[in-house]
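Structures follow.
Below are two complexes that have subunit A in common, paired first with subunit B and then with subunit C.
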Partner chain A sequence: MYVAAKGGEQAIAAAHAWLAEERRGDRRDPALSLRQIASQLALATARVMAEGSLYDEALAALAVQQSRGDLVEAVFLLRAYRTTLPRLAASRPLDTGRMVVERRVSATFKDIPGGQILGPTFDYTHRLLDFALEAGDEAAAARIAAAPAPTRPRVSEVLGREGLLRDEPRQNAEPTDLTRTPLELPADRPLRLQALARADEGFLLSLAYSTQRGYGRTHAFVGELRIGAVEVEVEIPELGLSVAFAEIVVTECETVNQFTGSRREPPQFTRGYGLTLGRCERKAISMSLVDRALQWRELGEDYAGAPAQDEEFVLMHCDNVQATGFLEHIKLPHYVDFQAELELIRRLRREAGGAGEAAE
Partner chain B sequence: MIRADWIGLLARSIPEALEARLDGLELPPHDWLRAPETGTVMVRGRTGGTGAPFNLGEVTATRCTLRLGDGTEGHAFVQGRDAAHATRAALVDALMQGPRAAEMRAGVLDPLAAEEAARRAERAGKAEATRVEFETMVRGDD
Partner chain C sequence: MSGYNFAYLDEPTKKMIRRAILKGLAIPGYQVPFASREMPMPYGWGTGGVQVTAAVLTPEDRLKVIDQGADDTTNAVSIRSFFRKVAGVATTTRTREATIIQTRHRIPETPLTEGQILVYQVPIPEPLRFLEPRETETRRMHALEEYGLMHVKLYEDIARHGAIATSYAYPALVNGRHVFDPSPIPRFDNPKLESPAIQLFGAGREQRIYALPPYTRVQSLDFDDHPFEASKAEGACALCGATESYLDEIVADDRGTRRFQCSDTDFCAERRAGAA
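Our next item is the complex of A and B:
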C-alpha cells in the first residue's frame, strides 16, 4: 500500500528547475526545434506515436524533447495528452492495398507484382559508424526513377487466390476499444491486435524472438512488409459524405507461417499480422509473430505453454505505460509501509528467541 | 471534383500551403455554427489486412462548421490541431457552393491537388529507384 507523503515542495521545484536546465543542454548550441526532432529523429517520433497510440508528429516531437529522449516517458506524455481530447469519430478500416508504398519487400516470393522496393532501409548497410555524418555531411540525396504507379497490390491478395493461404474473410463487426472498455480475457483477435499495436516494441521483439528460438515455434517468414502513406476516411454524418481527411504513414507486416493442419484446419499457410502507426518496422514484424502465436486456439493448435502463446501474460504486460507506472511507483516514498515491515521483522526475530538481538 | 473530394483535399493539405493559396483573396465574414474543435479519430485497420476491423490508434483532427452572410454553410474536418487551417478549409468549402466556385477551384483546389499528386509521385519515384531484382542461385552439381 502506498501512503501519501507531504512536504518537499521547495526541493521538488528545484529538481524540476534543474531538469529544465539539463533538458536545454549546452547553451553554446541552439535548441532543437520540433521540426528537427520530427524530421531528423523521425523513427523515435514514430515509435512514440505508435506506442502513444496517437498520430501527431508535432506532439510526438514535443514529447521526445520534453522527455529528453526517454521514449517510454514520451509515450506516457502523449497518452496523457490524448485523454484530454474528445473522440470525434472512428475511421473506416484502412485500405492498405491503396498505400503509396515507400518500402515493400517479401522474403517468400521473389517476383511479386509491383516489385520488391527496398525504400530508405538500414538493410544491407554495413552497420559501421559513419564519420562523414560527424563531419556534417550535407550531400545526401535520393535518386528518383519513373514510377509506373504509386500503389502496389498486397502480396496476400495475389497469393490467396491459390487457396494455400488461410483466408481472412471480411467482417464488419464493431471492434471493442480497450481505451474505453477494460480488457477482458479471453480477448478476440481485433482486441489483441489493438493491444499489440500500442505495445512496447522491446517486449514484442523479445516475445517474437522467443517463438523463433522454439518457445511456441510458428516458422514465420515475412510474406510482405510494407511502409507507406494511406488515406484515412471518416463518415461525416451531417453531410452524408465519406471524406479522406488524413494521410498517415503506417507499417504493415504479414507473415506466412508453416502449418501442418489440426483437427479443424487443413494443412495450409497461416498468417500473422502486424500494423503500426508510423514507420516501425521491427515492431510490425514482432507484432505479426506474436499475433500468430496467440492464434493457437482459433487454429486448433496445442498450447505449448510458451510465453508468446499466453494471452493473459502477453496482453497484461505489453503496455509500457502501465508497466512503468507500476514499476516506478516503488521508488516513491513508502515510509509507512516499510515501517510496518520493519516492525514485523523485528518482532519475528524477537519471537525466534532473541538470539539475533543478543548478537546485536 | 465532388464535395467529398475537396473537403478531403483541403483537410490533407499542408496548412501553410492552403494559407498561401488564400493569401490576397478576399474572404467573406462568417458566423460559427460550430467553432473549431480539436479531438481524435480512432483509425481502424483490418485483421490480416482484409478481415475484421480493429482499433489501430488515434489521429488528431479538427472540425468546424461556419455560415456565410448568404446562408451558405461550410464544413471542415482536417487532420491535426490547427483551428485556423480548419477555418480556411471551411471557408473554401462554403465558397465552392456559390458563385466563386470557379475561382476557388482554379486558385486553391487545383494547385493543392497538383501539389499532393507531385508529393506522392516524388515518393513513388524514390521508391522505384530502390526496386530490386533478386536472383536466386541454384545450388547443385550439374
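Our next item is the complex of A and C:
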C-alpha cells in the first residue's frame, strides 16, 4: 500500500544501513582500497573526475567505492563536494602543445612531427575475454622507452600555417564560469565547451554518432588526439609572473572538418574541439564532434534541425546529475497531484455521459 | 555540523541567493535566474527550495518541512533532518509555530500569518514550458506579456472536455503582469496563494527563483463564462471528519474500497486533538 511510503526516519535509517552492508559486499573478501580503485579502475575514476568537474583521483576513487560502481551516482557525489569548495582563481589557458604525451595519434597525416604514439590503448586489441586475468596471472611489466618525450606541436598548427584551417578567434577574457553564473542562451563557445566538458559521456556519444549518420553531418576526421600531463599555471598579479601549481592528465581531441564555405566563410577546414580531465578518449572525440555541429551559426551554415545542432536542446539536457535527479524524482510521492488528476478524470468521464460510471 | 557553514551554503552563495529573492519580491511572479549550486540531494528532490530555505534561515527560526501536505513523508523527513544537521535549528510539525515552512505540492490548510515564510520546491518554473519547449522563446513571451497561447490552451480544454483540464500546477496571473506556475499544488490550493505570508519559489535544476510578497493579487486563469473552480474529492476525512480540507484517497484493500483522509497531517491532528 502506497501510504507505507510515509515511513519516516526509521525506514530511511534502516535502508541506509542495508545499503552500507551491500556496499561492503562479501566480508570473506578484503575491502577494496582507494589506491586499487584509482589504479586498477583508472578509467572509471577518470570519467568521474571529468563529469564531476573536479580533478582529484583519490576523491573520485572514494566516490566510485561509495556509489558501488554506479558512475553517475559517483559523479553526483563529487559534484556535491565540489560545490562546497571556494573558487580561488582562474588558471591561465593550458598549453597542451607542451603536454608530456603518453598517446598521440592523427588520422589525417601518416607521419607528423614528433611521431604517432599509440600509448596504452584498447585499439587493435582483440576483444577476447582474457581468462588468464581470471586465473590471477600478472601481466609482465611493459618495456619503457628511454627517451623522454619532446614537446610536440599540434597537428592543427601545421594546417593552420597554410591558412587551410579556420583560425579560431582568440579571447583573452576570462570565460564565464558555468557553475557560478546561470546559463543564459544563446551561449558563446567557451560556455558551450564548458558544459560539454562536464556532460554525460553517453549522451555526447549518441549525439556525435547521430551527426555521423547524417543528423547534422560535419565530415569529421580526427586531426589529433592526445593524452598526457600538462602543467596548470596561475598568474600572480602581485608578483607579475605565473607559477605552475599542478600537473594534471587531460585528453584533447581536435577534429578537422571538411567545409565547402558559406556566404560568410571561404572554403577551408574547420575544427571541433574536445578536452576532458583525465583519460576519457571516447568523451573527448564525441565532444569535438558535438562542438563542431553546434558551430553552424558562427560558420553561416544551414540549420538542418538536427538534435546535435540545437544548442538549447544539447546544453539543457547534457548534464547527467541534473538529468538523473529529475528523472528519479518521479519515485517521490505524487499522491496530491495524482489525487487531483483522479478527481478530474472521474469528473470528465461523468460529464462525457456516464460512460465512465458503467465501466467502473 | 563541523566543516560546513551555518545552513550548508557559504555566505557569498547565500548573498547571491538573497539578491535573487529580493529581485523576485520586487517583481512578483517574474522568474529570476540564479546560479543554483549542486546540493547534496538530487536535482528534482527540492534543491531549489533547500537553497532558498538555507539563504533565509536564521538560528532563531523554527522550521517545518512538508511533502504532499505531510510532515512524515520520506523526503520531508530527509530535508528536515538535513537542516537539523547543518543548521541546528528547531523544527516543528505545527503550522502555527513555524517561522519557515518548506513545502512540496501543498499549501497548509491552517491560514498563514504575517511574518511566516512559505518556501516552495519547484520542478518546472515555466508555466508556458509545455506549450513552448524553448527557454529563449518563453522568456520573450513573458517580456512581451504574450500569453495568448496559454488562453488558447485553456479554451481548447473547454472545447474538448467542457472544463479546464488542469488539476494541479494551475497557472495564475500575478499582480496583473506575470503568468506564473504555483508549483504542482492541486488547484484546490490556488486561492490560498493570496496570503499574508511571504512566498518564495525555488527551482534548483532550472536555476530560477520567484516570489509573491504578502497580499499580492494572484488570479487563477479562467474565462468569464468558465470561472476558476478550486476542486477536491467529494468526501470527508475518515480520521477527523473534515470536509473542507484537501483529501488523499487511500486504497484500503484489494477489492477497491477507498477512504479519504486529510493530506495536511498537522491540520488533521490538530482537529482530532481539539475534538478529544
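The criterion applied here is as follows: the second predicted complex is superposed on the first by the 340 of 360 C-alpha atoms of A that agree within 3 Å, B and C clash if a C-alpha of one lies under 4 Å from a C-alpha of the other, contacts with A are read in each partner's own complex, and residues count from 1 in each chain.
Everything below uses one rule, namely that a contact is a pair of C-beta atoms (placed from the backbone, for glycine too) under 8 Å apart; a residue touches a chain by one contact, two chains touch by 3 or more.
Just so it is clear, the structure is predicted and the values come from calculations on it, not from any experiment.
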item	value
Touching partner for A:V321 - first (subunit B), second (subunit C), both, neither	second
Partner chain in contact with A:R27 - subunit B first, subunit C second, else both or neither	neither
Subunit B versus subunit C as contact partner of A:E341, first or second or both or neither	second
First, second, both or neither for A:A90, with subunit B first and subunit C second	first
Contact breadth on subunit A, by residue count: subunit C or subunit B	B
Contacts of A:H329 with subunit B and subunit C, given as first, second, both or neither	second
Contacts of A:R264 with subunit B and subunit C, given as first, second, both or neither	neither
Partner chain(s) touched by A:R82 [first = subunit B, second = subunit C, both, neither]	both
Which of subunit B and subunit C A:R127 touches, first, second, both or neither	neither
On subunit A, the residue positions that both subunit B and subunit C contact, one per complex	82, 86, 179
Subunit C-touching residues of subunit A, taken from the complex the two chains share	1-3, 5-9, 11-12, 76, 79-80, 82-84, 86, 179-186, 312, 316, 321-322, 324-329, 332-337, 339-344, 347-348, 351
Contacting residues of subunit A [partner subunit B, same complex]	49-50, 53-56, 58-59, 82, 85-94, 96-97, 100-103, 110, 115-121, 142-150, 154, 156-157, 168-175, 177-179, 189-191, 193-194, 197-198, 228-229, 231-232, 234, 236, 238-239, 241-248, 250, 252, 254, 271, 273, 275-277
Subunit A-touching residues of subunit B, taken from the complex the two chains share	3-4, 7-8, 11-12, 37-61, 63, 65, 75, 77-81, 120-134, 136
Subunit C - residues contacting subunit A, complex	4, 8, 10, 33-40, 42-45, 47, 67-70, 72-75, 77-78, 81, 104-106, 123, 134-136, 161-163, 165, 167-169, 184-188, 205, 207, 231-233, 246-251, 263
